[in-house]
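Each remark here refers to the structure printed beneath this line.
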Amino acid sequence: MEEQKHKLQLRSIRLEALGDGIFAVAMTILAIELKWPHLEDTSYKTFVTAFHEILPSLLCYVISFIVLGIMWFGHRMIFEYIGKTNRHFIYLGILFYMMVCLVPLSTRFLAENDLQWGTIFVYGLNLSLCNLTLYFQWSYGINRAGFLERELPPEVKKEARFLFLISPVVYTIAIVLSLWFPVASIVIFVATPLLYLIPNKLDKYLP
Amino acid sequence: MEEQKHKLQLRSIRLEALGDGIFAVAMTILAIELKWPHLEDTSYKTFVTAFHEILPSLLCYVISFIVLGIMWFGHRMIFEYIGKTNRHFIYLGILFYMMVCLVPLSTRFLAENDLQWGTIFVYGLNLSLCNLTLYFQWSYGINRAGFLERELPPEVKKEARFLFLISPVVYTIAIVLSLWFPVASIVIFVATPLLYLIPNKLDKYLP
Amino acid sequence: MEEQKHKLQLRSIRLEALGDGIFAVAMTILAIELKWPHLEDTSYKTFVTAFHEILPSLLCYVISFIVLGIMWFGHRMIFEYIGKTNRHFIYLGILFYMMVCLVPLSTRFLAENDLQWGTIFVYGLNLSLCNLTLYFQWSYGINRAGFLERELPPEVKKEARFLFLISPVVYTIAIVLSLWFPVASIVIFVATPLLYLIPNKLDKYLP
Amino acid sequence: MEEQKHKLQLRSIRLEALGDGIFAVAMTILAIELKWPHLEDTSYKTFVTAFHEILPSLLCYVISFIVLGIMWFGHRMIFEYIGKTNRHFIYLGILFYMMVCLVPLSTRFLAENDLQWGTIFVYGLNLSLCNLTLYFQWSYGINRAGFLERELPPEVKKEARFLFLISPVVYTIAIVLSLWFPVASIVIFVATPLLYLIPNKLDKYLP
């Protein structure tokens, strides 16, 4: 057939490059959003006060950077299996990047305001949407004939779904909790990335 | 001949890498331009007011991000067919990137001012120039002997021209309309990207 | 010999990737530095006034963007011939990038101040140093045994030197002229990039 | 075994691309943080005063840019030997990038405040943590079976460790010295990068 001959490969490599660029910028932007205070004098006390002032921002920076790092890892992993793209897959990717680019903003929103339901809601919602859109992209990709570059073991499929969807669930709990105990939500935001650092079932497929 | 022996390939891969970087930065910058309001207190009402305040900016962000995503897709697609470059082709590419880098600015200009003819004109003109410069690059590339990496079916050529040139036409209508009904122009800016999300004749050439 | 066996290739590809990233960010930053005025009302007159206000900045943006585009092209071309690197070549590259990253700053410095000797000096010096450091890198690379990936025709060598060094000469004239006729310097800054857009002797080596 | 068949290669190329992007952005951001003064009039005296004002910032920019350049080189070199990754290696990489992204901030902190113990401490600590996290990543990588792409000569291993760890030691001395002689610390910050520019034992392995 005519179409068959002209069919494009549309390999995923360019989309990965765009994604790497977006993550690189978003991660660096996270740091710019931090505002170091100006030191009025050279005393030790002024420095310690300034350090205390920036501590919450620094904590938010560390959490968001690790979360973005983990998302980048997830984003990187889906392309170990998916090697081709089409228009819809790319638009799902753009949707995911749209959420990722908002993370520096919602991080600053969390850091610069008093701890409260509103900022925790925005931050948690943002992170949840990142995970959900990435999961949509993954789901679409693995179910599209001809996209898979290598066999996807059922265990990987199941564990990946768990790892993509556990965060939105936990973040929803954090948002609900924040109505009464906003500090508990922060503890959850700190603890969640640790879930992704402990060994899991997929490690045996990695070098 | 001497020149033949020393002739360079000048493959397009580096230009694509520059373009991916520029799109990645421009997309992330879009988000930085959003200014989240500072919350005066922790009341639900303050949060809702703040959310209402940022809503127009957020809408502009979403529109521009999707438009940039579609342009990136177009930019990515032309290199499925064009695999070589020369000085003029690269300078046309620089011209396209020059327009793309202005999108975060004209988006902010639209978001931060009252809805009016001037800002809609700037925004619509910017997006139109993006499409037109990309179309010039595409036209130059496909008509230059030896640039094509694979056969370009006439249907693809025709449909691509349509997809490149439909936006500037629609945006011109939006600009003219804005003299009387600026809200209608915004509706057009929201609706235009959807044109690129529905199935089209080129989908059958994709995986 | 032991060292021979362990000798690294140190291909130039990573340095090119870093450079593409730096150019992509610097080009986009150029645009952010532009400050669009806030429109006080929706009248046609306000818009025209605002447009007049931003015109010099916009012109500086266009000049700098094209200049960066030409430099990127030069930077891209040297890697058509040079395929390997070592520590010194990479440090010369870092020096070049250090100058490139300052271009958005000196552009804003030129745009935001009244036209005068000082700003023209800074801008012209910055662009000259970009060209000179790139020329040092090129010179070092083509004279280092084993760096060349393909034969370098004497004509290319001579023409490349001319193209690298003509700008610093012209920019020096512009700086000197600015002591008496700062407007003439701007004309020179506008005209110089055009030198690189007209056909030259190297075009016959390109596709 | 089932796992063997499904084992991923997880090549390091994507992590390198993310790193190149992060370095490119961080380097460019360094420059944006410089604030050029506005010139009140066009006199020679105003220009010289402005130049004197920006000189410390410019010096900090040059030091930090060169330091980031050297770190990028180190980061680039480890991937000459290490060609594969796993989750832990990537998370160590994210930790390194987290430190790199803070360099523009601590540079500005050093440049914008009076010379004192506090800012030198933050700057020195930041640079030391960059080197230490990169060293952790390197150590983990070369000791993990199957990660090495080529034989690692014992001399390279020893010299690399020296080059990774000498900076944190020197920076610690600079921090301690700053309690009494902050100017001496700046001299050390200027001199340390030079250590990496002089010939060393690894040069014989490079082209």
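Here are a few things to note about the model shown:
Residue numbering begins at 1 within each chain, and the chains themselves are lettered A, B, C and D in the order written.
Quick note on the criterion: a contact is a pair of C-beta atoms (placed from the backbone, for glycine too) under 8 Å apart; a residue touches a chain by one contact, two chains touch by 3 or more.
It should be emphasised that the depicted structure is a prediction, and the values quoted were computed from it without experimental measurement.
Averaging C-alpha coordinates per chain and comparing to chain A, the farthest chain turns out to be C. Under half of the residue numbers found at the chain B and chain C interface occur in both copies, marking it as a different-residue contact. If you lay the C-alpha trace of chain B over that of chain D, the rotation comes to 180 degrees, to the nearest 5.
Measuring from the averaged C-alpha position of chain A to that of chain C gives a distance of 35 Å.
Between chain A and chain D, the centres computed from C-alpha atoms are 25 Å apart.
Shared contact sites, meaning residues of chain C that touch two or more other chains, fall at 17, 20-21, 24-25, 29. Listing the residues of chain C that touch chain D in their complex gives 2-3, 6-10, 14-15, 17-18, 20-22, 24-26, 29, 84-87, 90-91, 94, 97-98, 101-102, 104-105, 108-109, 112-114, 116-119, 121, 144, 146-147.
By the touch rule above, chain C contacts chain B in their complex via residues 16-17, 20-21, 23-25, 27-32, 34, 36, 38-39, 42, 44, 46-47, 50, 62, 65-66, 69, 72-73, 76, 79-80, 150-151, 153, 156, 197, 203-207.
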